[in-house]
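Paired with subunit B in one complex and with subunit C in the other, subunit A is shared by the two complexes that follow.
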Partner chain A sequence: MTLDHHGQLLAPVDSQLVPPSAPIIEQIRRAKSKATLRFRIVFLATWLAIIGTLALALAGSFDGGFVSEWLGYILGGVGITVLVSVVSIAFAVVFAMLGALGRLSNHASIYAAASLYVSLVRGTPLLVQIFFVYYALPEVLPPVAKVPGIYLGILALSFNYGAYMTEIFRAGIQAVPRGQSEAAQALGMPERTVLRRIVLPQAIRIVIPAIGNEFIAMIKDSSLVSVVAVQELLWRARRAGAQDFNTFEALTIAALVYWALTIAFSLVQDRLEKRMARGDR
Partner chain B sequence: MTHVDRPDYPAAEMPSHLGSVIVRAQGIHKYFGDLHVLRGVDLDVWQAEAVMLIGRSGSGKTTLLRCINFLEEPTLGTIEVDGVRVEADPLGRRSKGHREAIRKIRLRAGMLFQEFNLFPHMSVLQNCIEAPTRIKGVSRDEAVATAEKYLDKVGLLEKRDEYPARLSGGQKQRVAIARAMCMGPKVLMFDEPTSALDPELIGEVLKVMEELAHEGTTMIVVTHEMHFAREAADRVVFMEGGVIVEQGPPEQVLNEPRDDRTKQFLRRFLATETGA
Partner chain C sequence: MIPTRRAAYLAAGLMLAAACAGPAATPTPAPTAAPTATPPASTAVCDNLPAGSEGDLLATICERGSIVMSTDPAYPPQSELTSDGKYQGFDISVGQEIADRLGVELTFETPPWDVLTAGSWNERWDFSVGSMTITSDRQEVIDFTQPYYYTPAQMAVRADSGITDLAGLAGKVICVGEGTTYLFWLEGTLDFGTETPQTTPPEGATATTLPTDRDCAEAWRSGREDFDGWLSSATTVADAVADGLPVVAVGDPVFHEPLAAAFDRSGPDHDQLLSAIDAIFGDMHADGTLSALSNQWFGSDLTQKT
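Right, the complex of A and B next:
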């Protein structure tokens, strides 16, 4: 059955041969873009309504003076937060790579060690690990007491994330088609070269999006190292808030900054992934 | 161990341009679990000879090929490639010496796969020079010159800086051939090199292979392309049930097969081929 562009039924002669008329297609397109636009407007309006209501309701108890006095100080922690996150994720990648190779090893002892690492670290809370490294470790290893909290915090964060990312890396390595290592072996490459030159480069491409997600989680979890006196965002917010009992303002600022950071990095990640998808693969 | 009798390849039928034995597989057995896939295969391949392995799927021809360069460890038997002799290590205890010997065999036996297996993160040229520079210690300039020579030979020199994702299947397989040639192998082994290709792309790959065969490249080819076997083979080997049933010059095996199993296979195969 075919409709003409006034929506009237045409004679059913050769109905399959008559192409849909151009005006109909144009109408459909216009209707679709209108619907998309409306969806976006409602989305934005809903956000503004909820956030605006919250802001108005809380504005009364929000101390503007505190903000002007302490905002700069709190924002000064953003650098440390980002630094801790970046360095920790970098070390976590190293731990994860070693962990994944261990989990794929045929040597029972290597496999066992890697499995123990993953099980132990994933089976205990990150906060306990941070406390452990900072407070408990110096009792058995006195020199650790001299190490600044930021190093120990980075150690705990990267060790913890490395265990989670071990499984990501293992899956990434296994996702490289078997034919790749067979082709490399058939060319006479020793196993080490096959791994380093053929398998790992392809595995890393596979896991990069997942590393991005872990990094976003890391930005938030880095707030935990505030408990070992690392002067990052949350630590500064708590300190500022404690001055005159402005915890509400201080933590609101901190939360908003974390939110902004994760949104910003999500955008960067989107771009990176799009560019990688465009690239040669 | 019982070797199934097979008609010997009569010396009189051996093409005169053939030299010494390059590949010698002796008494090859292969089990996958309880499945006895190769049941005592002996195969000698002479220098400059093009040997085509045919047979229905599951007959063991691909497994035989993969046993020759130890992508599958034979359960029993001996492989010798260009003077490097390796005994099967049935318990899979891959000692260092065993691994090194296998690597020596692989350096002498190039392999082409159904799925091409080009390295997707490397350009065509990098694909070709990676192994020569890294493991043969060839200088980069020399490796590039060799790569360009073989890329030109397969007609893809202008693609040297492309990545595999931008090549057609036929082009990928031709690059894979060039990549294998860059290692200077004594024998090229092809595992159904055109089975993953769209029909219109098969010809360009077979043409390159036929050229190589006519130039005297030693080749072992697992194939279902009977026309190609007829044109390019010096010897056709028919396998069934994990043994070599019949072998000889293509005219003989393909036109006047002696064994009933060969006759049956060819009858069915040609019927489906023309019926398709």
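Right, the complex of A and C next:
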């Protein structure tokens, strides 16, 4: 029980401990749940008030006909947005795993290569990387030119996120108690097997919530691949908006859809984290 | 081991759920069939392949049974979208007519404009029917057919600007699309070869660019005032006016540009295909097909040189 801020209840009265009577505890409990309820009501009311005000302010310049005509077409891009995000995060995990092992390696050259990867990728803008893969890479590597934009977009996204997630994976691997690998080694397990069977499974469990966060960020960053003609959510919204000068409506729709997607995946992630936390008990 | 395996299942489940969350993804929309007359099958180019076409792009597309055209549906009325994701417009109809007369299917790629004019398409698409102006600079990387129509370049201003002629834009900022002939004209580098326009930009006017021509008008619509002029195709300006934007045309067209189908110079051999499409354009000029399409999409016949 966290009654510490009601200190007088726990404080000795007349230098002897008086156990608080049941009705008082019940009263406090009720007061607390009432306060919680009030907090939630005010929270909800504030959201509704702000969103309602925004909606009313914007409604005047919002062309409803555009929504009924183009919403379906724009929503058709959600599939590609989610597909690009899912595939990119999967490849990013591979890049991050390799990067983390490299960053933890005792071989100077492997450590150096992994560090260069992280430094270079984190030190340059994602948009520059996407442009580079699509426009510049084919100059030196002609076959790349025939690769459709969607694959190059996925390559750039996963390469970029892999560098950021390298540090997450490294922390995850280091968070596995040393005793685990020491115990395995004491049993005579070869180093590679220790890594594969003992360390990595525990590390992955530690980093899964962080991967969820990265995935949600990826959903938003995947909009950047619209610049290389990948027909995802933003590309479709921009083109639909260009038909009759409805950029305002188109971008509003795109923003709301991205918001809904991130909320939905946040909920999934919350549940996932709760499931994971159960194992820690 | 069990919590770890459960975690793996959960992760897999999350990925699967995510993959299923959206409708099926199709990166390329289906081509639109344009409402044009199909010539008798026997006249299709692919059914009467000229001798020596082996190894030419013409033989390749005939064998493949389809030709890939680049387009960007951000340019109504040349290339626009229908709400079910299909393409239509003047350029789309012309492309469809070319494909019909070649005797192949028409499919699309949607590269950004500056990628198109820069050449080095690396066979991502076969040709462009994208209202591209024939300029000397572009001819270094692009091979052009004969023009299929000509558009006037029209200056426009905000309706409330009080500017009534070209001279009123002296010293002002003029918005143009990236990599367009309108930008080259303002910078003084526009060069059609022998037919280079003799007009000059308003004294001291400078250019600012946005990704497409229509973005300039869109910026005015949203109330931006960072520029006073907008130079684009007369068809685009007319479309903006028709859509109720606060835009008016000022002055006579500053130049007329010849627009042609384009091929990548660095691409596979395409002499035969280029001359086949050149001949098709000749026929389409002569039999009135181009005039009819121009009237359909622009409300006027822009197929004759002015």
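Observations on the structure shown:
In this text, the second predicted complex is superposed on the first by the 260 of 281 C-alpha atoms of A that agree within 3 Å, B and C clash if a C-alpha of one lies under 4 Å from a C-alpha of the other, contacts with A are read in each partner's own complex, and residues count from 1 in each chain.
Convention: a contact is a pair of C-beta atoms (placed from the backbone, for glycine too) under 8 Å apart; a residue touches a chain by one contact, two chains touch by 3 or more.
These figures come from a predicted structure and were not determined experimentally.
By the touch criterion defined above, A:193 reaches subunit B but does not reach subunit C. When both complexes are overlaid on chain A, the residue A:205 reaches subunit B and subunit C alike.
Once the two complexes are laid over each other on the shared chain, residue contacts for A:239 go to subunit C alone; subunit B is not touched. Once chain A of one complex is fitted onto chain A of the other, the partner contacts of A:230 are limited to subunit C, with no touch recorded for subunit B.
Legend: residue contacts after superposition of the two complexes on their common chain; A:268 is shown touching subunit C, with no touch to subunit B. Judged by the touch definition given at the top, the superposed model places A:146 against subunit C, while subunit B stays out of reach.
Measured by the number of subunit A residues touched, the leading partner among subunit B and subunit C is C. Legend: residue contacts after superposition of the two complexes on their common chain; A:182 is shown touching subunit B, with no touch to subunit C.
In the superposition on chain A, A:90 contacts subunit C only, with no contact to subunit B.
Within the superposed three-chain model, A:136 lies out of touch with both subunit B and subunit C [touch as defined at top]. Subunit A residues in contact with subunit B (one complex) as well as with subunit C (other complex) are 201-202, 205. Within the complex, the subunit A residues that touch subunit B are 177, 179-180, 182-190, 193, 197-198, 201-202, 205, 280-281. Contact residues on subunit C toward subunit A in their complex (touch as defined above): 1, 3-4, 6-8, 10-11, 14-15, 17-19, 21-25, 27-29, 73-76, 80-81, 83-85, 109-112, 115, 120, 122-124, 212, 214, 217-218, 221-222, 240, 243, 245. Residue ranges on subunit A touching subunit C, taken from their complex, read 69-70, 72-73, 75-76, 78-83, 85-86, 90, 135, 138, 142, 145-146, 148, 150, 201-202, 204-205, 208, 211-212, 215, 227-231, 238-240, 242-245, 247-248, 264-265, 268-269, 272, 275-276, 279.
Across the complex, subunit B meets subunit A through its residues 69, 71, 99, 103, 106-107, 109-111, 113, 115, 117-121, 130-131, 134-136, 163, 165-166, 176, 179-180, 183.
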